[in-house]
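Some structures to go through are shown next.
Both complexes shown next keep subunit A, but they swap its partner, so subunit B is in the first and subunit C is in the second.
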Partner chain A sequence: MAEFAVVGSSAPRLDGLEKATGRAVYVDDMTRPGLLHGAVLRSAYAHARIVAIDTAAALALPGVHCVLTGEDFPHRYGAFVQDEVALARDRVRYVGEPVAVLAAETPALARQAAALIAVDYEELPAVMTPEEALAPDAPLVHADFAGYARRVAVPLPPNVCAATTISEGDVDAAFAGCDVVVEGTYRTQAQVHCYLEPCGALAEADAAGKVTIWSSCQSVFRVQATVAEILGLPMARIRAVAAKVGGAFGGKSDVTVQPLAAALALRTRRPVRLVLTRDDDFMMMRTRHPATVWMKTGAMADGRLVARAARLTLDGGAYAEDSSAVLGFALLIARGPYRIEHVRMEGRVAYTNRLRAAGFRGYGNPQVTFAGECQIDEIAARLGRDPLDLRLQNAVRAGDDWVGGQRIEACGLVDCLERLRAALPPAAPGRGIGVACVAHISGILSTSAIVRVLEDGTVTLSTGAVDLGEGADTVLAQICAETLGLPLDRINYAVPDTDGSPYNWSTGGSRVTYMVGRAVTAAAGQARDRLFGHAAEMLECAAGDLELRPGGRVGIAGVPGPEITFRDISARAHWAVGGPIIGSASVMFEGGGFDPKRSAVTGNGIGKLGAFVFGAQAAEVEVDAVTGRIAVSRLWAAHDVGRAINPTAVAGQIAGGVAQGLGYALYEDLRFDGPNPANPTLMDYKVPGATEMPEIIPIIVEHPEPSGPFGAKGIGEPPLVPVAPAIANAVAALHGVRLRTLPLTPERVLAALDEA
Partner chain B sequence: MTAVAYHRPACLDDALALLAADEDARPLAGGQTLVPMLNLDLLAPTAIVSLADLADLRGIAALADGSIRIGAMETHARIAASRIFAAGQALVPRAAGHIASPAIRNFGTIGGACAHGDPVSDWPVALVAADARIEIAGPAGRRGVAAADFFLGFLTTALEPGEIVTAIVVPPVPGRAIHLRYSRIDSDYATVIVAGAADIRDGICRSVRLAVGACGPVPVRLAAVEDLLTGRPLEPALVAAAGRMLAEAIDPLDDVRGSAAYRRRILPGLVARALAGVA
Partner chain C sequence: MTARLTVNGRPCDLPEQGTATLLDLLRDQLMLTGAKRGCNYGVCGTCSVLIDGMLGRACLTLAADCAGRSVTTVEALDADGSPDPIQRCLVEAGAVQCGFCTPAMVLAARALLDANPRPSRAEIVAAISGNICRCSGYGAIVEAIAAAAHG
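Showing the complex of A and B:
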């Protein structure tokens, strides 16, 4: 690619060497002089009143410094509903909920002391499913719900923490005029984030009472803001720093153990490290929202899709967290990437006495896309059409509007489908091929970047974007390097630190390349302009006549001779004229939203989301007739990323998303046995291993997004989303059976084959 | 915190003496079960007695009668890689090669796995199918127990307090080895295992042994099934009847790896596949 020097090249990861050699420092590797170790006591009940907590025996153990309970955390918090507390107070609402936390001299002592805390519970009736929660006279998960502050203050039925409707056109009339209507109920399960690194934080307070928190997180700024809210401190007294993060997938987008570690550090005046065991992480943390999706889609005999309706019930678990936004986004995206004029999407999120459901790679999209993409194939079957053809006929194009009215600026969906068709092999006996599409967004809220030219002409790039392992650091450095005409090794990517980094909302929403990349482009562009300002004076020419030359040099366009280096310019700025060269930029995603003239919306929990991204995948499967087990042999994944800043990193995100999507499709399911998780260990909860992976064929499609950095947009979430429906569609193509419940276990497949 | 003593005796007698002296001491073989149980606070031994230096517990060697003696401290990976097993005995290295994942196979030992006695694990069914003998040493001396009499139930074996497994002896097994392991994903515990061997020539089954694992507290092996199949042409109806007999005999649980009904549903098909694989 001659167009760019650094953008478009598969530069090695900035942190590749330290990770490959085992020297990368994660929270659990960190220590401080005088370090104490935290441990958490979990609730043994799904729903109970806390009558009393006796911490005397734990505190009496030599080496135990401090025990905290819910009484020590008086402030409620929550992005949409202020229903959360850092430790259970008065009530526990799920098995595994943190009830007490302590700090001791060693991890083993801390665990031993936690076991000595005596909690007197009065057990209460629990609701373990949305059906139970929404039944008349069901026990209330939050008896005080009416008193909680809420961001979306619409009236809600008991045990419902969010309810939203979005409609456009006249769905009922449209269905009445359809030649083909398909309808069905689809069920999806609780998938666990299963990041390699469990949640952890190390906190230390200084003499003035300012607390520094190193943690495994998706945003140091969310940590800073939420810890400040929970502890009732000004944000200026909280410093959050990113450690290396061993995966997050949405599970670390809100605080995890940071408030507990910070409170222990403030109380003991000693540094405290609290890293969850895998066992604790499974029991305390989060899952994807289990969903029941009723959906109906209608088409004309010529294949035109005209109407879709859906009713979605999500299991939100014990606390609302992001449920309002997950629901809103699921409903927004449920139409699918097709020109369907009439839609009515309704949904609600039920509280249950299970661990909370949270944002998880896809954010409500995998649930509705499983239903929606299955129904496209069901319609194709009824019409006798090729499913890929039917998708091409109805696919959205650039210039179309999404539900709500947002314009789709760039759209490679048709290209993805065409490239997929060209790549697929001819039909073979015993093998089924299924296709599914995905639409997602890339954007959300605000971010910023600072580019500082150092005295020697090298550059420090600061953003608030935490790299979760996907390689965003490298991509942002590439964008900076390209903008300044520097080789990548002249860019220092600063560790996100609320004391020094500019604000970033979060690493989530497939947004870092697109949003932070825009800020980096603008900040680096400003630094370049300031370099040119100096160079114009030094070369005695107009700034507009200058050009960047490779390697950090500036010359006069069209004049091969005189040029000066960044080092010369920056030395002048630092020591003689004008002061250090710094570029900075702030950006906000301001498009999108709902146009009230076209959409009727109630209870909406989402704002202006981002640029649309598209993809299409095909799965080739075989089904074992004896066991019903599905084996995916090949998976083609075509994704429009606008522009691949780093093609290897894009392919990596595709492979990772497909792996996690395969787990969602076939294996992963946190089940419950009464009030207790039935399989909360990696021994019983299985993510796919290397031998389960299909051959993945990534197909990178580039339709540049006008607002994106060098045309780029996100790829973090989309590759997970179409895997499950593509596999279900492949099984349907092979055997004519329609599976509507995830995961597609051998047992379910065999039962369907037995019925057919 | 209570201190845990760690011993690394150089000979078997010293190891047995240490275990006899303290009933809360635990022997450490490959650590693939003991260490996770310690991490989960499921065990709180007063002492750990490492078996790492016991030469008696090492080696995979052929005996004069064609039996293979496998030292208890041999890892699954070394057994899987061994070429010493002849004919139907090969079901033993096949079973070893399917256990868990490479990291576990490189540490876990056959003796440790047998002593643990987990019925969903891979060794009980393989060793019952192979008519293996478990050799044991303890305070009362040495003895041998047939595999079928060794595995008694969930985490329950014929080992008495203070006893350890020293070796597994696999007799000659006629025919071709059968080892069909079905699991959700490759590195998971099995949902169903069919292990055995069969000598099938010209469609006639001359001899057969079939055991089913991971489907109840102990491996299931039925003489009636082996009698039914032996000496007859392996017609599909006959094989299906054998599979049904085994499906009725197993006693599986409903768990995350599959319901009891599912295990019974797929077993006849797996038996047919296993036999077809050696026909």
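Showing the complex of A and C:
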């Protein structure tokens, strides 16, 4: 018999049919009476002074209602460094940076008008790579940096927006005692989120000046807070509502075009829809941080890993955004899921005149794990050990501590590796198999939930958590249904809306199932207790004697007879006694952080993160020695999710993450040709298509997390992370060549084979 | 007499603007927003519709070139109130994530199954190879189409 009725079942996603029938409403599908259309003018220079902007010709076109420029946005913003403006003011800092925005009667007219805006630039020298940015006397991306407010106010060298070090033990002494030491420099590229729905927002202001913004976003609350900051308005005057989101992957975590749409709506007093073209989205939005990772790992002859050091340089692009946190997390996770006592991780983020780098599924982890997991195999090769065995020998287990001292409460890593080993085929000629592990976190910051029992006994669940397609809404409704003993179809998941939803930080950090799930469990538990309070009076018994019965009924435990329905209880609460039944809960992740007695930390931009999650993957590859092309035939992905609330949704996250990891490993790369993105189109920036996919074999491991809802924790990000090193390790196993630069293009493979 | 086309079985006038694409006509004038504008330049496949039963990219097709032809959009597939088996199978297989690619995938699958009711796995993969999905990794989509074909 199943342990649970709803949890653990692969309920189809709540909005599945709505999406499959084409009825789901994304921003670009929305309209309002009197709707105007926005368009953006982008900078053509990587670094230039704006001498003058002439908007007269654009404004003279009949049907153009308003043109805004940087002068209309006086407030700087930024979570870690207040270096950013909604439209460039005085200076542009990357090709594609928005310089002006306007609203007109039709999209075509808006684009035509944007082309008529004349900007007079005085070009300035640009820095296009961290090497250029960090060179002595390099031109400054932010000449005013010293004047910006910063959250982590450590002194920084020029063109550096964040620098962090984390160390424990005595790395130098440990390396000196190692029998084997490997060392190398690894390079990773700019991956573009390429959510299939370009960024967009529709904003409308009421007569009192309150703005409502429907948008494609990861958090209505971050939209509300950031738009308020940018426009200099109280948050109470901003209402953010989630439209259906056509994919995000971290790229819609911060505001995109919401501030621009809101400003246009306030100025024109008309609703304005601003949806980016694919070109705009490529040129204006964000990428994963390109990284250079120097790493060194040392082991004893018996295979024990004892020391690891890393120096990480991230390319942050023109504005800091979340770079500080991405860096801190990358350094925290760079040790890998192994019992390595001595670590020293140092990193910095350079400003460059490229588009912004931002959080992207993995948040700094793919870069360092590429280096770290390659090095495990390099050590295994030096020691003549099986790479999977070496990982098993060193794997962290429940009860171990992470860097900083946070206890790992539950850990299925050993299980993941064992299950992987059992699944792998025997060696075959011409095929290489490579393994890689991942550790990540699931958590971050605060969230809340409200469970309301309606008059008929059905339930509305509000959490403020936006579903980006991963099925968070379904999973949260399952948790609510399970807690109340209701079938899933009695739960209404409310659309996230800052006017009505309780606060949720964001959908990111693989956190929704774990964090919001905890809030839902607590809120639904409170609603259940209140239902029991009424039932005890109605059945004339003690509340402690009551039990939930399937389908929304309450009875006396062990007594088959009398029972009452949620409908009867809720009707009593609404019309006679006590008032409506509402359960609510707020939660914050409060574990973690750094214990100053064990870790020396400087410039840290991260706080308490979350519960640890683990996984291990294996890739089977063939390499065409003539073309250099790597063909991945199968990929096994074992991930510990604590408990799979919805196994199909978990498998979907694994498959989708692996697909993005495959693109990252093999070809996705936004390259630059001087100041300009060289391939900013879906023609030239290739994302994996159906014909490129290997067979993906998900292996779900369940080691319940004590603090998680029904033991569950997150799975959103981890599956992407180990794909690239697993493939690189497979190529090394097959041909003995070590590729240290992503993506693993045919040219790089051929060059490595030639050298070997 | 104005030239006309048929959309989901109903006659409809061509837009006045000769440069309007079929996607402009469907989305902006007929409010049939199931066809999505993922790129507007013919690569992502999210705008796919059936033109005389063949899968076509509405963003690359001038509306004027559809004179006398019959266009089917995703909205027609459950017009009788019950979803197409392909739609049901996609939902059940967990093949719908963000859903932005889904209406076009449904039509790509419909075109395939109309021409080839019992496709092989390779034929299914080929049939959706022009439609990008950034969320699912495609496996569940292929499985769902196979389930719809083989019952």
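Before moving on, here are some points about what is shown:
Please note the rule applied: the second predicted complex is superposed on the first by the 755 of 756 C-alpha atoms of A that agree within 3 Å, B and C clash if a C-alpha of one lies under 4 Å from a C-alpha of the other, contacts with A are read in each partner's own complex, and residues count from 1 in each chain.
As a working rule, contacts are C-beta pairs under 8 Å (C-beta built on N, C-alpha and C of every residue); 3 or more make two chains touch, one makes a residue touch a chain.
These numbers were taken from a predicted model, which means no experiment stands behind them.
In the superposition on chain A, no contact is made by A:741 with either subunit B or subunit C.
Of the two partner chains placed around the shared chain by superposition, subunit C is the only one that A:649 touches, whereas subunit B remains out of contact. In the overlay built on the shared chain, the residue A:458 is in contact with neither subunit B nor subunit C.
By the touch criterion defined above, A:194 lies against subunit C but remains apart from subunit B after alignment on the C-alpha atoms of chain A. Contacts of A:691 after superposition on the shared chain: both subunit B and subunit C are touched. Once the two complexes are laid over each other on the shared chain, residue contacts for A:584 go to neither subunit B nor subunit C. Judged by the touch definition given at the top, the superposed model places A:24 against subunit C, while subunit B stays out of reach. Between subunit B and subunit C, C touches the greater number of residues of subunit A. The residues of subunit A shared by its contacts with subunit B and with subunit C are 277, 683, 688-689, 691. Subunit A makes touch with subunit C in their complex at residues 10, 12-13, 15-26, 28-29, 31, 194-198, 244-249, 277-278, 468-471, 648-649, 651-652, 655-660, 681-683, 687-691, 693, 695-696. For subunit B in complex with subunit A, the touching residues are 1, 39-41, 101, 182, 184-189, 256, 258-259, 262, 265-266, 269-270, 272-273. The touching residues of subunit A, counted against subunit B in their complex, run 106, 108-109, 111-112, 277, 279, 625-629, 667, 669, 671, 678-679, 683-686, 688-689, 691-692, 745-747, 750. Partner subunit A is touched in their complex by these residues of subunit C: 27, 31-41, 43-44, 46, 73-75, 77-78, 83, 87-88, 90-94, 96-103, 106, 125-126, 128-142.
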